[in-house]
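Each structure below appears as structure tokens.
The following pair of complexes shares a single chain, chain A, combined with chain B in the former and chain C in the latter.
The block that comes next holds the complex of A and B.
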């Protein structure tokens, strides 16, 4: 009896819920997707607060700290809880001329929250030098190197954090552009049908049949080399989204085709609604969730595109810092043999791609709550 | 005699310099050996009488495709006493190159085509193609004695006519040689080449030219045969195979027929066809005099050279050289790949592109990959030099700044060379200006190494304020004087020679932040970068001044004098080379004075010439035409990976431009155990 009541209450709730609520309930069940959402939010937080999170200036070079291995934080000392790192002393091996670093126990550098470091513009609004954490009282060349340093002595952790900003936003910008193109062309294609549809669909097929890497290489090589880093950055975004829009256009077109025949659309038509009203008031909301899912699946592709282009030396170039550029630094044999920690740049790439894919998966399932 | 003494002094000094530079660290490492090279036997009574040849040639002789070895060798032999012992024939020397722009890689291996050559110290002239030379008492005439019976690689005799042919029919043809070679012009007056007999020629000048034989031996536009002939489609050199090439000249074949032939071969003019025909890297029909001849061109995956059956040298036992059958240069996408393959033991001898920064890895892999590592110390002032181009054409403001001594000095003072030395030279180099090692007679003295070349951002900032760059933007970068945009310099890096040039430039960009100078690093393929350099489209290029340790033989990286170089102001170089007929006259009086000094030195005898060189170096440092970074190290072709199987390889070899590294180690007498 009581079960039936409960069931009834549940189905009542179900029947009264808005589509957004339904989607959310469905999405919540996909544990991996929820976890991925958290990861992605963290990634974007890192991207937004990149400079505040980076303890060292990502561009500052110092040969005396070249190729420092990852460094651990010591949490306690004799006086109790006192997070600190040791100063490092680099000594050259007389036989191989390699710099070997040994911690100097006499030189203790306390690690503190909200420490002062290099100055930067927060949100491009005001200048500050407060960083989430950092060492206090370090001399020039001293600092905390959680993931070690590269050949020029730049702190890898700081560079990774700053690279996150470039790599994630280039993906976001690329997807936005793709979305615009995709919804526009897909919508036209699905709505009007006929020769317009055929033309757009054939263009999509031709674009998709071209292997992407050579196409990008050709386009990237055509960028004038007098362009500044920012111009290159924008151009790369456009190049990447040139391919990205096709997938979205297909999704949108498919939804348009199926929705066109739905009763509620016919009803709206009969009620005399204008075409724009039908599209934006009735049709779009019913497939927006699908578009969001498609977008979240397109994002990782964008990020990988930027990474691979930059890795091949065709995308962004120094002093811009992106995941691809960091990986490019890890291309040489010294790194593979002597400084494998530089490969750490691959980890955020993998994490971000996986998270976006799981999120997209979850969203796609949730997008159709009645299914 | 004086010359020999000088050579010994240099030798002793060389070892001394090594200790001084590195505090004995290098000596202790066991990686620096004794400077040595095989001796030449010049006494004809000690010449071998019986000759042997490589099995691959003996086979062809038996098949009747080649005459016997005794008939192929010249009467005036070049006899080499192998470094450790007589070797045996066979094998392939595996090596790496990085693409069609890497011509120098092969040119150096063809150095047996030079009229004269140097000993291992780079100071004493030795016979090469010519068995001897004399300079007249007044210095106006240099006579070369060619080897009687010398033959091209196709068997045709090589005589004085081949030299006259080049001089009269190629050199004077404006389509092939647009600008005369500076070496063949003295005080604006051209040289005359006279044939004395079938095997003697004389170069005559209106004024004393004591320097001339050194130029024939050095790495100059005239210091060789067709290895000089592919410099940007200009046929320099000093002789050419008349029997093969004359057919492609309009003076021997009607121009219409030649043009038709050129069109059929995919060229638009006869001159292009001719330049292809005399390009040894691409045209395998072209006869050579070098130890190996090209059998597979440079624009392929494997650039292959094979022994020249008519090579003019034998060892002390009468074996025709070279011992090694074949040189196989494998294409590597970039210098990094060359290093990788070297570490994996895939090369038998590689010094080019080997990165000093990888020394730890190179040392650790010696046993596993079966090679021995050698370090050869350089004599030139700076392995890396920033060359600001005052002739830059694309931006007037930047050209005006680069043309000001104080701006260049500020750029120089803004660089922390100690940092570069630590990061890229493993602390083994010497930071400083462009001047050569103190031990050389051309060095102006110790104080010139540090002049304008110490890290002093405060001084640099004062200098920059002084040239009017006082306004700065929010981030502290200086603004241009002509508009209010940020001043942005660009450092061009050619992808060649040093794999760490891009990173070095990036570090310099960081140092310049302190003096408010913004700069970008642009990495380009070598030939593209140099082509842009030759049309003055480069602002600053990072290059080396390797070669300038012998200023007169290779002044192109000390002063803008060579329009083919493409790293220093090209308009000035053209003006110098054409004697003011073309190009732009340098507005800086110091540059004009340096040009005049260089011109005068040609007629001076040795001691006076050295003093002139010191004056030129002082001007170069004072004016910072080249901003020297770190030098006197093994960084530039001085890190050498040698297979354990390779014998007769010197413990240490001269790595100067004019010693044509690795030719100074005489590869023709190396052999595989």
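The block that comes next holds the complex of A and C.
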């Protein structure tokens, strides 16, 4: 009896499920995509709270602490639970006379949550110097270097965290711009057809036939040296989305063309519905999910574009910090031999790209629950 | 009083080729079709796929532009408009008077709208106030035999037959003068087909519907239609009251169509007539009678002279040179 009632409730829930619910139910079964979604949410949380997560000022240089290897956190000492890192001691190599840092177990720097550090603006609103974790005490130049430091003595972990913000948001900004261009031009192309359609499609073909790296290099080289970091950032976003919109425009156009022939659209037209109502009530909701899936597949391409441009020295320039700029430091084989930890900057790139691709796959499969 | 009079309707599709998209030929999908539908009458338009019957339906609904001809429609008693001549902008106020039942109940309902909204849409876009809409939706659901709680569900919760009921409710929402049903049961299971046919019969009875029923299945047509028009390659070859057509077909093509209707009783199975060859290509129809290459009764005249639709009396028209001399086999 109660089972039958439950059964009925479940089928009624299914009967009244909106597209969003159906999509979610289907997406949930795609375990890899759900895991990727979690990873991506974590990435964006890191990006939003970058300054609070970075224990050291990502821009502070200190020649004495260049190329410090990654430091481990020790959780216990003789007195019990007391997380700490070792202090540093300069040791001169007897053969090369090069000064290298070695951990000094004699001095312990305690690690604390919500420690004070460099000051920054949280969300650009209020100034604070509270960081999620950091060391208490220690001499100038000492600190917690989870992933070691670079040649200029900057903390790689802090720089990576701050770079996440730049790299992920440049992707978002680029995709937003592509989306606007793509939906607008693709929509016009699909709705009006005729010579407008032909013109837009030929423009897309020409744009897509240009090899991207030389095009970007040309455009990026044309940016004036005198521009500020923000201006360059905006310009790079526009350059990247210049190619990105074509794919989205094709998706939108294709959906418009196929939807125009759908029976339920014809039915609305025969009922006397206005063109606007048909577009906004019937057509747009039918392909919004496809566009979201296309966007989540376009994002990693954007991120890779920014990374490769910056890696080649054509994208963002120091003092801006992005994944590409961090990888630029790892270009030199001699540096890499001495400080292999600089390659750590590649890990978040790979993770983010994989996660976005799996998420995009999952969304694409779940996007049309009626198919 | 006729609700619809179609006169010499033509719909040609140009075949374009080459870089300049020059017209190299024409598909004569509908090539001079005339018929009428009286008030409260159901006319069935039958023929093989590709004969142009769906194009006729779409022309009447003005989902397609007409090449030439007239579609005289009466939106209200005493008023007649030629739908073929109305500009597209002036079409919207007329749309409410002709509604359509679609073939595929899976494609014709927007999956993202609840059933109540789907049925109410024609009402909404024609300015019926919300309270009235809600009452009308309940009335329509009851009319097509669906429970009232169906209105808050999405189409994915319904079977093909139930979806077709929803489609019928939507078509009837505005009390249209004419309903065009484009193969309304051919996408359904046979058992469900019977239910939908019964529903349509019931609605004809209660609402005095005028209907154009497009179908390829003659066994279905027999139950719902008052008269039948048989189409072949863009033209009507025979029009007759349903019973007369089934009992004594006058066109050889009608005879072959009837012979293809499966008879459930083996004792009553007649000889099968399988026409030779393929359906004629409407881009280059054969000279003379379009059916002559396949016709078992062909004479020399059929190969050169195209027959016109002639009146045989008793509401029968046929376009065959030998209509008066042949005696053809019907069913039941």
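For this structure, a couple of remarks:
Convention: the second predicted complex is superposed on the first by the 356 of 371 C-alpha atoms of A that agree within 3 Å, B and C clash if a C-alpha of one lies under 4 Å from a C-alpha of the other, contacts with A are read in each partner's own complex, and residues count from 1 in each chain.
Keep this in mind: a residue touches a chain if its C-beta (ideal position, glycine included) is under 8 Å from a C-beta of that chain, and two chains touch if they have at least 3 such contacts.
None of these values were measured; they are calculated from a predicted model.
By the touch criterion defined above, A:192 lies against neither chain B nor chain C after alignment on the C-alpha atoms of chain A.
Once the two complexes are overlaid on the shared chain, A:331 sits against chain B while remaining clear of chain C. When the shared chain is aligned, chain C comes close enough to touch A:263, but chain B does not.
In the superposed pair of complexes, A:227 makes contact with neither chain B nor chain C. In the superposition on chain A, contact is made by A:271 with chain C only, not with chain B. Legend: residue contacts after superposition of the two complexes on their common chain; A:114 is shown touching neither chain B nor chain C.
Legend: residue contacts after superposition of the two complexes on their common chain; A:19 is shown touching chain C, with no touch to chain B.
In the superposition on chain A, contact of A:282 is made with chain C only, not with chain B.
On the side of chain C, the complex with chain A involves touching residues 61, 63, 92-93, 95-96, 98-100, 102-104, 107-112, 114, 121-122, 125-126, 152-154, 156-157, 167, 170, 174. Residue ranges of chain B in contact with chain A, taken from their complex: 25, 28-29, 336, 339-340, 343, 357-361, 363-364, 418-424, 426-428, 488, 499, 502-503, 506-507, 509-511, 513, 520-524.
Here chain A touches chain B in the complex through residues 59-64, 66, 92-99, 151-153, 225, 228-229, 313, 317-319, 331-334, 337-338, going by the rule given at the top.
The residues of chain A lying in touch with chain C in their complex are 11-12, 14-19, 22, 262-264, 266-274, 277, 282, 285-286, 369-370.
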